[in-house]
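One chain, chain A, appears in both complexes that follow, with chain B as partner in the first and chain C in the second.
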Partner chain A sequence: MVDTIKKNIKAVQENLFSSVGSSILTIVTSYLVLNFFRGMFGFVMTSDKDWLSVLNNMQLYMVQAYPEDDFIRVWLSVGLTFVFAGLSIGLWRSEDRSNVSVMFDRLFKAGLGLLFFTIVAPTYTSYMGNDGFVITEEVFSSSSRLRILIPTLVITVGFFILKNLKINFSYNNSDAVFFYLFIPVALIWVVKLPTIQLDQNRERIIPDPLMPIANSTKIPWTIIFVSFLVSYFIGMYLKDKKRVKNVMSISWFLLPLLIFSWIFKKPQIDMGEVLTGDIPIFVIFFALGLATVLLINNPIFKKYFSLYLGVLAVLTIGGLFIGIPMLGKVCLLLLSLFTVVVPAVSTSKEGKRSLIIIWFVALVTLTFLLRGGASETGIVVPGSSIFGGFSLTWLLAIFGTYVSFPLGVLLALGRNSKLPIVRIVCTGIIELVRSVPYITWLFFASVTLAVFLPAGVEFNLIIRVLMVTAFFSGAYFAENIRGGLQSIPKGQYEAADAIGMSPFQKTGLIILPQALRAVIPTLVSSAITAFKDSSLVTIIGLFDFLTIGKTVIDNQSIPVNFVGHQRENLIFVAIVYWIFTFTLSRRSMKVEKRLGLGER
Partner chain B sequence: MKNTLKYLVFFRNVVFLKWAFQIVFLLGLLSIIWNYIQNAVVNLENTNIAMGWGWLGETPGVSIAEGLYTLPNSGLQMIQTGMINMFRITITGIFAATILGTFLGIARLSKNYIVEKSSTGLLEVVRNVPLLVQIYFFQALVLSFPRLEVFDVGDYFIHVSAKGLAFPWFNRGPNAFLMMVYLLAIFLISNRIYKWRVEILEREGRETRPFLWSITSLVTLFIVGWYGGFRAVGIIGFIAGYISTGLELVPAIFYQALISGVTILIGYRVTKKFIDSKKSEEAQGVFIDDDYFKIILNIVVVLLVVVLMFSSFGAGLAGFLVGDELTFKADWGLPQFFNGVENKLHWYPSIDVELEAAIDGMKKGEIINWLIEPGKKVTEGDVIATAYATGTKIDKQEIELKASHTGNVESLLIEKGKSIKVGTPFYELEVTDGAPFEYSTPKVQQIGTTKFKEYADGHGKSISVGYFAIWLGVVLYTAIFISEVVRAGIMAVSKGQSEAGMSLGLRRGALLRLIVLPQAIRVMLPPMGNQYLNLAKNTSLGIAVAYPEVVAVGQTLYNQEGQTLPVFLIWMMFYSSVSLTISSIINYYNRKMKIVER
Partner chain C sequence: MSIIQAKDVKKWFGDFQALKGISMEVAEGEVLVICGPSGSGKSTFIRCINRLEQHQEGQIVVDGTELTNDLKNIETIRSEVGMVFQSFNLFPHITVLQNVTLAPIWVRKKSRSESEEKAMELLERMGIPEQANKYPGQLSGGQQQRVAIARALAMEPKIMLFDEPTSALDPEMIKEVLDAMKVLAEDGMTMIVVTHEMGFAKEVADRVMLFDDGQMVEENTPELFFDKPKHERTKLFLSQIL
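What follows is the complex of A and B.
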């Protein structure tokens, strides 16, 4: 025991008071940190802050004015994401195990921290009232301090004992995820939160009564938790099937598309259009793909294969400018891409069969998603868009990445190309777009873009924002990808030439996979930046997550007056953004470590 | 080989295919752009808003909350105000963010547990929250302070209210610009002296005390400057006067010819250098298609510039430089240097003295009698004229106007019996006395007879809520990213370097200064430049907190005039040139710092 204390004292001395300068720094920094904590604590606890303005508006924050009758669709979207998460965690279940005493050690330290901060928390805090006079009030009475201190002390001592028992029990890290999710879901059933109640005169009853969280969130979350658990076990069961993993990766990409085009949107399908438009196009393109795969070994077809590819490419580019249905345009693009890879893959019977299956599934998914995306929505909301609050932020972030990534790849390839004109044009686009701040591009989308469109063509502001985001984030993506392209050794290009690959095959099968793998961390940080930048749309008047917190709630006076509670809401918005970006950046660090990219 | 090439069918020829594809690509792109431009032309015709630049010279009829011209006379002045507001944040922000970021970066590498953890905590918080949310939060924080009330009127040391922040400051007097240039000059001189002494030290190997020399010269020159020596800088005004007169005498066509000539010269030299490089032993004088393209491109660009220079665009540009069109002429707020058109030696700055409200609520003044005349000396506080004040409760109250500075009267700008608004210049004064910078504390005062209060001009420094929010937000955000750059830069210097330094017997400070930092800076410079670019671009978020920088001002303008496209083009040119300037400065230092390899 004495040894342990001596060791700790020595460690403290080495870490904090190794020299006079270090001691001064320690004291100054501790003073600053303590004061910052005390200030923040007082700021949060004073009675002029109304945290119910955050709690009470959670629905507004998440989906803005989405009608309550259709809420099942929101829950379905959330649930589907959790099911996918469960499946993925099960499929990629890690074998890393953690010892339980390590966790106890961590909890013990957390308990110590909590104890420390409970002790140093201020009892009284002063703030400036609206009339300019300083008000001092009790924010943390000694009784409530004791009420927190005693249980924390007991728990901390308990963890200390548990830690020193050295229990030799370990658990799987992936299994722990479901435990982490279990705690909040269980808390929803137990914890009561203050809720706003109005009396007959529509005046607020103060103090607000404590109420359990409404069933509207309790039951859905429980169902989601159960299905998460079930999908986790299914995932574990299917762990060894490699094909399932591949399907899962693609499904993650398609999930947002499905949510935004079908589940969230509630499309009104016109069966006439499906019968006259979608199905014939589907049949034609499926037949074309099928014929390509079946005929690929035919000598006559082989002779004219490059001509066929050329015709397809011309049709694809030409198709963009003539009035064929959207589905036709996308199918043409897909068919050209498909035809490029066909000769390389369909060498065996097995390969041909899987190609046909992939082609069929891809076409079905495409037709299905596009039909949903192109149809009118059945949701009636006040305002121009059914997306608002957090759903709009996600829409901008995910679709911003979806549209900008391919463009970024194209621009990067163009800038790296050996063709001077293409290189100059791509460099010009990238540099021009990057030299101007995002907000000016958003203004371009909101006011100037309409000038350039043909008369009668009008897009929703969200679509226009996505159009400029494609170029803006695309230019940044392009610069990142260019770094990856430049890191590919010349031998790779020469090797691909040596085995007779066409330029398309060389780029698609040899260069890009390696280049993209090398820049995954920078791409993730660019995506994080895009997510943060999506908050800028609040300036051009879209109702995203930040707008709700900053403007909408601050101007709310019916039924409850929340005017003047901007700071609380901004802190909440900051915390939510922080959670997402922090988690993403930590995940990308882990991926970086696993790929061993940092060590090069 | 040559023979087979001869018989190659043209559509199998790689070179032909390459260029055919590129030409088709270019034509396609141009046709798409042409298509959109046609759309724009048709749409603009339909909306009856003809795109034009005339609004740059017209009075916009709106006011700006803060900046050089709060009541701009023309669209151009308005945009200038926005640009200068943007530079205010960018330049001060770059310095502040670099200093703060360097400290944070070193703190992140500290062996001290608390220092390291708290700086890491700050990093994780600031980096992961959108900048806009932070800016809004800072704004909300200041706005939550009470408004200025009647009982607030008075003098303070520091004051915070919903109007902004005010604190003591060294305010610029009429001599400030001269003093600033003088300070810059003596810094450069002492720097040269340091380098000169170091050179002698390295050549002759004797102790030359470079630091002592440079600091002594700096202090001496500073003392000389403080007691009036800075006026020597006035010679710049003298030279500038001649230059500006000379430039205005030259006809516009000269500028068109000059720019074309310079372009041709540069084009010729670049092309010649390229051809010479191809003639080296390595390349053996073989020109492939790409090389021909490069040469042709150079020629086309040069020709394009020449044609453009002699078109209406070039004439307009030359007109702008000569200053034929008065509305386009701007003095950029540096009158001391650029107003010396009369070619007189300016040892003292001359200023246009504006009419100040001598009593509360005064709107206009009518001079009854001038008590001064050109060439006469006045001291601060002397009565210079008697006048009627209008706009107060008593109509045509007789008041005395007092001199604001000590100096020689140069000319009277209005005759007696004429009425002018408060804020208009009414006489010209050559200021002979007064410190370049004056210390003062903030003061809250009533705005005229209204019930609103404000921080008085010239008393301490007051900054608006928008300025505070955007400045703090941008600086903190950039500092955090710079701290990462600094940390990476210091970590990139291998441990062997500091060990080698220590084994030579260098002390810790000298080790950092001479061994570690020069190598770290080399790694840090390019990403640092990127952060500066981001800072410059992020200042555009000022629009969110009503800070009138160039985007906010542009938005006000197009809301007034309906000219969205020209405003967007101005934004684009402005930000592109700022980006180019910053990146070329960084590139210059980057080249300078580069290791000279064998």
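What follows is the complex of A and C.
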């Protein structure tokens, strides 16, 4: 251990004080950095900052005005996501192990951060009072500094020693996720902070009683953590089962749709319509698809196949103008598309089986969504939109990326296509969407889009914004991916051709995987941009995460008074944005490293 | 019975005529070496045989199927004809084993276990079974080229085309690739090899051809080609490279 310390001192000498010039630079820079942090800590700790305005408004930040009676939907969505995550981590459990010293190193660094704060934080700060005079106050007394400093120092030094003891104990990297998640869940129960409480007359009880940080949500969070843990073990148990991983991947793809419909609608379903309309339509179309797959190699059916396809096409177009249920119209369209694909895919027994499964899942999802989606919304929210706060920001980011990424891939491939019509249409869409600012598109969504839709079709503002966002980030994704496509050498196409691959196989197995890998950094920066740009929706009257902090909380007056406490909230908002984008970029770096294995 | 028949094949790149009427036949099991100066159209010609380039006039018939714009024909021929490139063109994002099994699984629709077994057999034949789970980028040039040969063989082709397989290799790696090709020739594979390795031509080839300026100048057995060339052009070419 003495060696380590000596080595570190030597490294400091060599890197920071190697010459007179660098010594001066080091001293000046550290003076500036220290002063910056002193100022910041002082700013955070002065008594005119009311951090309760942040703590007390967590619900507003997360879901804005979503009715409390229906919170169970939100909790179930969050819980379901965590269960899926647990299952996936269990299924794809990595065999990588880390030595325990890695964990001690992280804890040591966290301790160093805390130590830095305790030492650097100023004793006195001054701020401008309401009457215009500068007020100086003691924010961090020497006794409380010592009270924090000594235990922190002990813990930090303890971790430093543990880290260098070379303890021969390793843990699984996937298991560690639970340890790291356990820390915040435990903190929810243990750490207590002053909380605003109202008495029966809705008057504020003063002084504020001490309560656990997440007093009202600690039980749901704990339940979610436990079910996360349980699903992890279930995932580990199912690890070697066949096809489970495929089902899991598809489920991730369907999850956002389900959650979106779940939070958005509280379907009031007319069972009579389901029995007389939905189920017969479902059975008929499933039977038709099944028959097509099973009969495809029958010579008689083959002979009349193009005729059958023609009839389907006519019915699909004709169906738009006659009064059959919406489900029927969509199913007709889907059946035509399906029938076109069948001959190419159903060459083998396995292909046939997966086709039938896909057909079944697609029909079930469609029936479910159309019935649930067409029903009246049972959730009543004051104001214009059902989503607000972080749920809106998150929705725009996730849903935007989720829809726009495949769209971007298609547009990029289309723009590189040899077929002139496809190329022109795709280029047109990309150029049109990219040449107009996002804000203009948002106005387009809120004001103009309704004019372009057929009469009688109306979408909620949120859905219109999502549509516009999908196209907008889709166009950017498309251009990024096109750059990746152009970086693939011609030899790769030729090699794929030479072993007899079809154009679809060539694109899906050889070209796209390499193209996407080449542009991961730009794709991630596009996703981060989309996440941050979602705050622009405030312009068309939606209350996103930033707007809540900047405008809404600043206007709360009775019974709490948070007027004038915008700065605390803005700092909080900035930190949350930073945490999410930084995590995203770190994760993407890891993915890049792992995929980089096969690079030339 | 000849497995490849080419009749008066002509090809233009814009105004430049790359092939000026090539006619030839290759018998089953024959090893044909094509040499010639750069720009003489030899690579273009063998790339026409599996339709990586499109000839504009003339006729090419491979194993009884004529090369036309019909996609079915092209796919049939491509699965019968394996090709090895100068720059290997391995797929860098998947392992060596996956490179070799990709075509059998997706094009021939074979099961994974069967294809992997076959792939390991081929890699063993090429002398690199221990590299199966590495990525192409981790291999030397000679090893990569042998993987490329194994990848082409995995489709069980009737014909193998080699487009300057050793030109991008360091001298000490050329031998290992040529040895692998010799083994193939001894097993009775029909091969067309574009190369400047005259030693290989002398030893393995059944016939040697010289291309110049888009035309076939000389066609002969290796003995006669090297010892008693008929044309002045051949003599000049041989004096330059030997």
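Please note the rule applied: the second predicted complex is superposed on the first by the 432 of 600 C-alpha atoms of A that agree within 3 Å, B and C clash if a C-alpha of one lies under 4 Å from a C-alpha of the other, contacts with A are read in each partner's own complex, and residues count from 1 in each chain.
Keep this in mind: contacts are C-beta pairs under 8 Å (C-beta built on N, C-alpha and C of every residue); 3 or more make two chains touch, one makes a residue touch a chain.
Note that the coordinates shown come from a computational prediction; the quantities given were computed from them, not determined experimentally.
Student: Could you look at A:Phe253 and tell me whether it touches chain B, chain C, both or neither (first, second, both, neither)?
Tutor: Touch status of A:Phe253: no partner.
Student: What is the contact status of A:Leu509 with respect to chain B (first) and chain C (second): first, second, both, or neither?
Tutor: second
Student: Return first, second, both or neither, reflecting whether A:Phe182 touches chain B, chain C, both chains, or no partner chain.
Tutor: Neither partner.
Student: Comparing chain B against chain C, which has contacts with more of the residues in chain A?
Tutor: The partner that reaches more residues of chain A in the superposed model: B.
Student: Check whether A:Thr538 is in contact with chain B, with chain C, with both or with neither, and answer first, second, both or neither.
Tutor: first
Student: Looking at the overlay, does A:Gly491 come into contact with chain B only (first), chain C only (second), both, or neither?
Tutor: second
Student: Given the touch rule stated above, what does A:Arg517 touch, chain B (first), chain C (second), both, or neither?
Tutor: So A:Arg517 only meets chain C here.
Student: Of the partners chain B and chain C, which touch A:Met501 in the superposed model: first, second, both, neither?
Tutor: second
Student: Quick one: is A:Tyr124 in contact with chain B, with chain C, with both, or with neither? Answer first, second, both or neither.
Tutor: A:Tyr124 contacts neither chain B nor chain C.
Student: After lining up the shared chain so the two structures overlap, which partner does A:Ser348 touch, if you call chain B first and chain C second: first, second, both or neither?
Tutor: second
Student: Following superposition on chain A, which residues of chain A contact chain B and also contact chain C?
Tutor: The answer is that chain A has no such residue.
Student: Mind pulling up the chain C residues that touch chain A in the complex?
Tutor: Its residues touching chain A are 50-52, 75, 78-79, 81-83, 85, 87, 89-95, 102-103, 106-107, 109, 135-137, 151-152, 155.
Student: In the complex, go through chain B and note every residue touching chain A.
Tutor: 18, 21-23, 25-26, 28-29, 36-37, 39-40, 42-44, 46, 110-115, 118, 124-125, 127-134, 136-137, 140-141, 144-146, 149, 152, 290, 293-294, 297, 537-538, 540-541, 543-544, 551, 555, 558, 564-565, 568, 571-572, 575-576, 579-580
Student: Of all residues in chain A, which touch chain C in the complex?
Tutor: 347-348, 489, 491-492, 494-502, 505, 509-510, 513-514, 517, 595, 597-600
Student: Given the complex with chain B, which residues does chain A contribute to the contact?
Tutor: Contact set of chain A toward chain B: 15-16, 18, 22, 25-26, 29-30, 32-33, 128-132, 317, 418-422, 425, 432, 434-440, 443-444, 447-448, 450-455, 532-533, 535-536, 538-539, 546, 550, 566-567, 570-571, 573-574, 577-578, 581-582, 585.
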